[in-house]
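Across the two complexes that follow, chain A remains constant while its partner is chain B and subsequently chain C.
After this line comes the complex of A and B, so read on.
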């Protein structure tokens, strides 16, 4: 079977199909779709729509992880940029709001990149600084309240639809295509992988590793900013205490489920986004199942373990041996 | 809070601090947790208002969520020989030694909003807190009365799993609803007390319950989750407040906005006015030596669309929620 199908991505696609099938069992109307006020309505759309913030985060995170880095600050950056967007939404036009929010994300990324690439700090420590401080900055912007707004333009970013699809989903798709075109349409992706694979060797071979590392953190910041704006637009308010809380962990998980190693090197954008969708398919399934909420985290942990075991070469080796033993017995 | 209101509030606070304490005037130190939520900010501003109303000199120390800061603040209040100390404890244990110091200095301590470890009962005068089981019961009773005899499927948005407030608000509601066999909680999930989660969970409830047709009422453990749930219902083409009844707890300004728009039905107030009853208890204790009961329960008032929600929204929105 492995000979017929491409090895890469098989485990993820299988996992997604299995989880979708389980969702169909716990909730018979899972695949039902209908049009509601000009937009598609159904659990599948919920999966795509609710998966958008983590999918966007994972787009930036996968590049950072490919350089052997990690960015713990994305959740806090979401909170900062959402707070900025919400504070400006009712007094300024959408272009200004977006420019300010994405600009703030870019600055946050630049800060992280500067600490890692220029000062040579370990990524986990360098980004921890902004993870902690960032939420405080967001709380300062909102003065600890939930800042609400009614600007129809910004609300549309969270709740509008294009050809029946929610706007956030279209944005995420656009970002996936854009990121893919930039890193895979040029040698950039290869240089990022080289930096992560062996920074010293790449440096000696003439790769500008510092520039590579700096730019992936900047991109990660911009992706987080976009996720933050969408999260704020979704609830028509910026909640500095909770926006993006712990989402950095979901984003890292999405990248890992997507098969990219935390040790850097080869990465896949599409599989990282698929990883985000796997997480959300599972979350939505849990919400639909009607199990008591005390089980949420347990179910999630078991599924994640199963998906990662599927990808583990040693585990599939063991499974193969077990299958052969059974066959010889029979 | 608008910058203007903030300026006015700080100017008022500065004025209060600058006033020389007159002979009969009480000076009270208040160790506040911090400003982790809108409710907490509202509690601080209401405390200032209540103190000003009674011409009490209230000194507020913001502990920024740290117990050691609260202990430092209490020691400094003892050193200043204040007439009483208000404490909103950030955690429930570890207060014994500092409260003993206050007791030795004969300064009464009143706990606001949260209780502390039972071993320390004799170390404070009284605790002014809300009963979150009762809050849930008020919500359940309102729903039972409003629905009447017809069958009603309820979906519940719980607070954070493991939070005592969430468990209590669930318990109170369940007990009230259990008396009416026509009311049934069909789905219950956690929305982590946040708008975003409240919206996401409500979206899935709507899909799981036939596009929302089988849902007669939503009960949320706080207003923020309900605000999210109302958005989810509207986006699904449902009419919250009319087709689906809503009841939640806290009474934050935004739920009154929804109520004024006819999209929410009822909320149970977790009053930010914990200082008012505490100030009255201290005044009676100082003047006549009246020892208050160990626990002063604040009122869990029910608000519905009949209570002029727009007016309440206007009066609440400046408090810092």
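After this line comes the complex of A and C, so read on.
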């Protein structure tokens, strides 16, 4: 399990602590927790709860990015699966609803994976197709309306609690442990990293790169489906236009903040989820501080730029040149 | 002659689609409808022209929709609140958006980062900045706006070729000339073919990258001004998702997303195809607007699959000889 918590996560943990401290300054009650009706309440729980969809998406996205791919369609897949879950919720039991929604996510992932792994399309292009068409499909399912439901089982998925924690948080935690156990408990994670590092070399070395790429997109689709069901359960309805809108960008951002390179290779599940939490902590902090939520985008842009600077292969080189220049001047 | 076969296919799809539409609704085949189609898609045509350059050079620009949104808000506020003459406001915003594009190009080149993530940051930045300026829709009442909106060339059959449609056509033609007839255009292709090769051949890769993203943002700025003419207002949420529409138009127009091949004319045809689908759905009345997205997605898939097939065909002899050598 040491692979799950690498030492390189220090920067992310420090960043989270700094942002939490800033949040504490703008909102003195930030760390307050209280137990009510067997459930914890407070800003921290709120951060965890609201961060769940992006955290789930980033779990799938980080594997896709590790193979040097990208999945732009996760937001649209969320909308599709949320729509399916909402339209089935009142007529079928929870198992059927979940199976249908997750099955749809699996199919979406299979489609993306097929385009990338079998037809050899560029990932950004291949997933663009579903990103564009997916929202249309979701609207087809909801017939353009916002489908609402009252099935207590499905509502529990979004608003219930287990051992004081909101159900979405427990689900996300479960998925993190499950994904971690599968990819790090076996050689799978290593093979995925090998595929991203150099697909051709890995193939020659006997790695089934096609199967690897196909399966990460399928997993990404399933994670997106789960996020979509939770998002729908949270608002007790499916809004095909707005469910998961722009969340693909947040998920990619979370992965990048988590230190996984967009050029594939080494990845970390825990840090990607931590990245999602960092984003959500910032969002909540901005909301609590009373600044207009519009600041979110500006702050995010600055964060992306900062992370990019730190990750840039040239940055260390530039720093070296600057140091040398200073030395020659002096 | 680069990219001609895919362009031909795009043209055939457009003509065939138009004939099918016209058979079902004879009224579609009128200059009135075509004129409206050009007006409604003027900003998309302009922004897609810039996107064509970026994609042929092997990059992508996700920030264009946000730049359009920022431009409309900036222009509206400058004219209505700050009392700046419209022309000065236009020059200022064009300079600003060109500088924005140049900055993104510089970051992409100097820090050697994927254009996707840099322009994503640019997208957040421009959209956030427009939210900061104003979150409400600001109507523009300057006289120049009503003059431009009223101006139109009469076409035979009662159609109106509006000022913004003319601006779009001029930019498309200018873009086509720039891409196909100048050294700059040749360098764009070279960059998309292979950066390393282009650099060895003496193309100033850094300068070109900066210029290409500058061009894309500049055209997005112009598209923003055109959009403000179109809606007579500035709104920070306008043109959300236009980057996707323009990328789709570029791909449907036969430009290779890996770079190195494509044409501005193809992109223009791609914009027209999207406009035609929208027009058909409007005429039909029973179909919902979400069919536009599905149809665009299907077309995207068809064209990308086609490109993939063409590329595979083109590479086959190379792969064979490489196999023989090893």
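Methods note: the second predicted complex is superposed on the first by the 292 of 330 C-alpha atoms of A that agree within 3 Å, B and C clash if a C-alpha of one lies under 4 Å from a C-alpha of the other, contacts with A are read in each partner's own complex, and residues count from 1 in each chain.
Keep this in mind: a contact is a pair of C-beta atoms (placed from the backbone, for glycine too) under 8 Å apart; a residue touches a chain by one contact, two chains touch by 3 or more.
What you are looking at is a predicted structure, and each value in this text was computed from that prediction instead of being measured.
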Partner chain(s) touched by A:262 [first = chain B, second = chain C, both, neither]: second
Partner chain in contact with A:130 - chain B first, chain C second, else both or neither: second
First, second, both or neither for A:211, with chain B first and chain C second: neither
First, second, both or neither for A:309, with chain B first and chain C second: second
Partner chain in contact with A:190 - chain B first, chain C second, else both or neither: neither
Chain B versus chain C as contact partner of A:296, first or second or both or neither: both
Which of chain B and chain C A:36 touches, first, second, both or neither: first
Which superposed partner A:287 touches (first chain B, second chain C, both, neither): first
Chain B versus chain C as contact partner of A:144, first or second or both or neither: both
Common interface residues of chain A - those touching chain B in one complex and chain C in the other: 144, 292, 294, 296
Chain B partner contacts - residues on chain A that touch it in the complex: 27, 29, 32, 36-37, 41-43, 46, 50, 143-146, 148, 159, 231, 234-237, 239, 241-243, 284, 287-288, 290, 292-294, 296
Partner chain C, residues of chain A touching it in the complex: 70, 119-122, 124-126, 128-137, 139-140, 144, 240, 249, 252-253, 256, 262-263, 292, 294-302, 304-305, 308-309, 312-315, 318
Complex interface listing, chain B residues touching chain A: 1, 6, 35-38, 40-41, 158, 161, 187-190, 192, 194-197, 199-201, 203-205, 207-208, 210, 224, 227-228, 231, 235-237, 254, 320-321
Chain C residues within the chain A interface of the complex: 60, 107, 110-114, 116-118, 120-125, 127-129, 131-132, 135, 236, 244, 247-248, 251, 257-258, 288, 290-294, 296-298, 300-301, 304-305, 308, 312
